[in-house]
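Below is one structure; the comments refer to it alone.
We just call them A, B, C, D and E in the order they show up, numbering each chain from 1.
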Amino acid sequence: MLSKIVRTVANQLVLFILIFGLYVIAHGHLTPGGGFQGGAVVVSGVVMLLVAFSSQDLKKSVRERVLSIMESTGALIFAILGFAGLGTVFFYNFLVGSPIFGRIPPTGPNSGDFWTGGFIPLMNFAVGLKVIAGLSAVVLAIALFARGEEMEE
Amino acid sequence: MRRAIGLILLLVLAAFLVSGMLLVHPFGAPYPTDMDDYIIENAQNQTGSNSVVASVVFDYRGLDTLGEATILFTAVTGVLLLLRAQKRKEGGS
Amino acid sequence: MENIADNFPFVASALLLAVAFYIVIFRKNLIKLIMGIAMMASGVNLFIVALGYRTGGNAPIYTDVPPGPMVLSVPQALTLTSIVINVAVLALMLTMVIHTYRNTGDIDSEKSRKLKG
Amino acid sequence: MDFLVTNAPILIVALPLVAAFAIPLISLSRGGDRGRNVFSLAILGLIVFLVAILARDVHAVGIRVYTFGATAAELAIPHGYTVPVRIIFEVDGMSIFMGLVITIVALASLIYSLHFMKGQTGQARFYSLMFLLYAGMMGLAFTGDMFNLFVFLEIASIAGAALAAYRTNRADAVEGGFKYIVISAISALLVLFAIGILYAQYNVLSIAAIAHFMQHTTLDMIALGLLAIALVMKLAGVPLHMWAPDTYTVAPAGTTPMILAASYTSMYALYRVTFTLYGGLINTTTIGWIVIIVGVLSMFIGVMMAVHQTDIKRMMAYHAISQGGYMLLGVGVGLAVITNPAALANYGRDAMNGGIFHIINHVFYKALLFMTAEAIFFRIGTRDTNKMGGLARNMKWTAAFYVIGALAISGIPPFNGFASKLLIYETVLKFSPVLSVIAMFVSLVTLASFTKVFYAAFTGPELPAYKKVKEVPKSMIIGMSILAAFIIFFGIFPGLIVNTIVAPATNALIDQAGYINAVMGAVP
Amino acid sequence: MSVIGYGYAVWAPLIWIVVLVVIGVMVLVWRNRGQKGYKKGTAQTDIFLSGARVPPEEQRHVKSENIYWGFFESLKELYSGMMKPHTGIVNDYLLWLVGVLAIAILILVVAG
């Protein structure tokens, strides 16, 4: 556990990191970035908390069970989005033209419309959820194991 | 002895790789680009996404991304499996 | 020789591979071995992402893009996939090294070895 | 039914993935263990059904193409265009052959594991990884896209390595897993580098399209070297075999057959690369002889190292290397004469039949043997044959299965090993008598080493420490008896099996043009 | 499939099964002709070694490393040569990989 200044700053900063990560995830179909990158940004916030506080403190608030459920859910959403196109072909982009995210942008350079991309934003979201949960679980598990403790089964 | 043999073989391999790299198309001028041109032209219409990379990652090569997500899932599952709390009675080595 | 100047990124990736092979062959410390593998991955990623570059090309994202050619997008997607795969592999390898250290008290590939012959 | 047949290739790969993602969730709920076991068996049963109908369809109709995300599954190339853009699954006779091998082994392994894993920690993740390993292998067998092949190769290797290191508080287990993942990571990176080289030249990633445009440049040859050697390393061919005994030895029983099958899936990838991707362009006689030499070295060194071992699973692992040599020998002879139609019709095709038939036979009997070895480990807690003795008195079923496996691997007639070995002996004799004699000698030493272990472990006086040893639980016996039944069935009706599933696989390998046309057919 | 359709050759599996069944029946018949008055746990089952003391069971059992001793003894040199590359060090595995890779690419570029 580091000094009080570090802990306070980390506590405030983690919110901004979280928001930035979610921004990157949400705009994956418009700007550089996407689920993996945004997820990694969020996990960097988790690592910062891990450095500022101790791993035991973090263990109390983050349960492995929750991370495991989040990760499986993210992966399942991704796979089910693939299955949903099965009326045509697996991974068919079935949301293009539908009310949700279905708009098609004008060909060529444009300023970007959030409600485009078909199932790509949803997939970005699913992957982001998966990456956040998965990498946090790995980082936490290794940090705890290095201190001679284990996460609960 | 081992070091000398290793260095010689490594040099042979490196020579092949470097000389092979000289035969690749000049940097900055890829020559056939059929597949990529198709994607850059049609990505906006077919997937509705402004980011062509995102449309390749999730639509044109979606299965690769499912595989990639699966690999991440596999690795996380593997790490948590190996770092599990287990009964210490089975003994070492 | 002008070929080398033309293809410098490709040659650099081949050299990275060669250096990485040197590390994985001659360094017995398992952590260094893993670093060698990470370096090899960087070499391959550099190679693939450099393949798609077009001189003066923009990133292939249409949001507010200036006019001009676009670099190829498939290599970027492949590199993205490959980077995530390597992160996953590295995490698993490091976990195994932690366990090796726990079990044998050493991370030298020769001294921590139990199986041979 | 039509919907199922059309979508079977992706369902076979995607259902295990969904199962793997869902298993941790199911295990967390109340009464999760039982629910998880039932769920796993149900999913695998469904997949067995899908594989069966897909196999029927592929054998009756021909290559099945599945394009992801296109408007129709058969539409590999977009309208009015010349190259495939999307990822393609291409299932031909050889792919479905591997699919059958992997599925049957996975079924036996899963049933075997149900009791084997009872009471262990981390079961949910164990089963999840089993399904991931299965999905990785099936994807590798079905895919028609180079980069996708790399991705599935990585899935299979990571899952396999994590499973091999399962018993983390044993130093050797972690070491075996670590070696496996280092080897896999490096070979996968070499494969990726080669894919980059091919992509740089042809700007396509589909196997059929690359084969269509292939021009036999120096870069292509460098790429072939990288691909072939990386895959030879993954399939444990001498002299790159040394990781195999370490990893096979330490992996827990249900998973050892799966990791073994993963090696032969890499062998499938090697055949795919040499036959389909490079096909008519390379100097097949040279490459064929390289494959033959690797095969003969594997046979000889593998078996000689095996006789010497005292660890029962390590001995079997060395035999796996040695038997891999037979497969390479058979297919290598076919490759060496592939440009000579007379020799191909006379013995080349049958040699390839033998080599490919040996894959399925070997996976079955070696899986059975690994399972018996681990059954012994399950009851007495050691793999050292020096400490065993008189086990046949109390473990009758295990002993019987061991005898079946040992006779099959040594090539004794009523069992399946004999059928494929006879094909290899007779055809190789026409190609080069010396090689055939070496193959027979290796079989002899194999029989000797299995006799040695049988004598040391199962017969002799009943050691006092093992007087109370019991037979293994029922699910393990069922898992083993599935494989034993297949071994005997294949041994009695080899002609039937060769005609129905092996010959289509051989034809698919030889028929490069058919594979390319299935995708590129519309191109002028 | 000329080779695999073995017809009625000596190694046809059906013939072998018949032979195995015949052998099994013969063994059973032979077993039934044995002593019927055998009782477990009496002196009948003890081992008799011309009056010498019978060693305990662990020593009576031939251990697996002692089987084929002569075979290994005569091939000592082959085995010492073969064991040398099997070091079990992961770096050596990779050195083999590099070596084989270099040679394979050499062969393929020259002769492929």
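Operating definition for what follows: contacts are C-beta pairs under 8 Å (C-beta built on N, C-alpha and C of every residue); 3 or more make two chains touch, one makes a residue touch a chain.
What you see is a predicted model; the values in this text were computed from it and never measured.
Student: Which chains make contact with chain A and with chain C at once?
Tutor: Both-contact set = B, D.
Student: Any chance you could name the chains that touch chain C and chain E both?
Tutor: B, D
Student: Of all chains present, which has the mean Cα position farthest from that of chain E?
Tutor: A
Student: For the chain pairs B-E and A-B, which is connected through the larger number of C-beta pairs in contact?
Tutor: Most C-beta pairs in contact, of the two: A-B.
Student: Centre to centre, by mean C-alpha position, how many angstrom separate chain C and chain D?
Tutor: Roughly 28 Å, centre to centre.
Student: Take the average of all CA coordinates in chain D, do the same for chain E, and state the distance between these two points in whole angstrom.
Tutor: Going by mean C-alpha positions, chain D sits 24 Å from chain E.
Student: When the centre of a chain is set as the mean of its C-alpha atoms, what distance in Å lies between chain A and chain D?
Tutor: Here the centre of chain D sits 36 Å away from the centre of chain A.
Student: What are the residue numbers in chain E that touch two or more other chains?
Tutor: As it turns out, chain E has residues touching two or more other chains at 86, 88, 90, 94-95, 98, 101, 105, 109.
Student: Where does chain C touch two or more other chains at once, residue-wise?
Tutor: Counting only residues that touch two or more other chains, chain C contributes 17, 21, 24-26, 33, 47, 51, 59, 61-63, 74, 78, 80-81, 84-85, 88-89, 91-92, 95-96, 98-99, 103, 113-115, 117.
Student: Touching at least two other chains at once: which residues of chain D meet that condition?
Tutor: 14, 17, 21, 24, 68-69, 121-122, 147, 151, 154, 158, 161-162, 165, 168-172, 174, 178, 182, 186, 200, 205, 218, 222, 246, 308
Student: So which chains end up touching which?
Tutor: Here the touching pairs of chains are A-B, A-C, A-D, B-C, B-D, B-E, C-D, C-E, D-E.
Student: In the complex of these two chains, what residues of chain D are touching chain E?
Tutor: Where chain D meets chain E, its residues are 178-179, 182-183, 186-187, 190, 218, 221-222, 224-226, 228-229, 232-233, 239-240, 242-243, 246, 282-283, 286-287, 290, 301, 304-305, 307-308, 310, 350, 353, 385-386, 388-390, 413-414, 418-419, 422-423, 426-427, 448, 452-453, 455-457, 460-464, 491-492, 494-495, 498-499, 503.
Student: Using the touch rule from the top, collect the residues of chain C that touch chain A in their complex.
Tutor: The touching residues are 59, 61-67, 80, 84, 91, 94-95, 98.
Student: Would you pull the chain E residues touching chain D in the complex into a rising list?
Tutor: It is residues 1-6, 11-14, 16-17, 20, 57-58, 60-65, 67-68, 71-72, 78-79, 82, 85-86, 88, 90, 92-94, 96-97, 100-101, 104-105, 107-109, 111-112 of chain E that touch chain D.
Student: If we count contacts the way the header does, which residues on chain E are in touch with chain B in the complex?
Tutor: These residues of chain E touch chain B: 95, 98-99, 101-102, 105-106, 109.
Student: Which chain A residues qualify as touching chain C in the complex?
Tutor: For this pair, the touching residues of chain A are 30-32, 36, 105, 108-112, 138, 142, 145-146.
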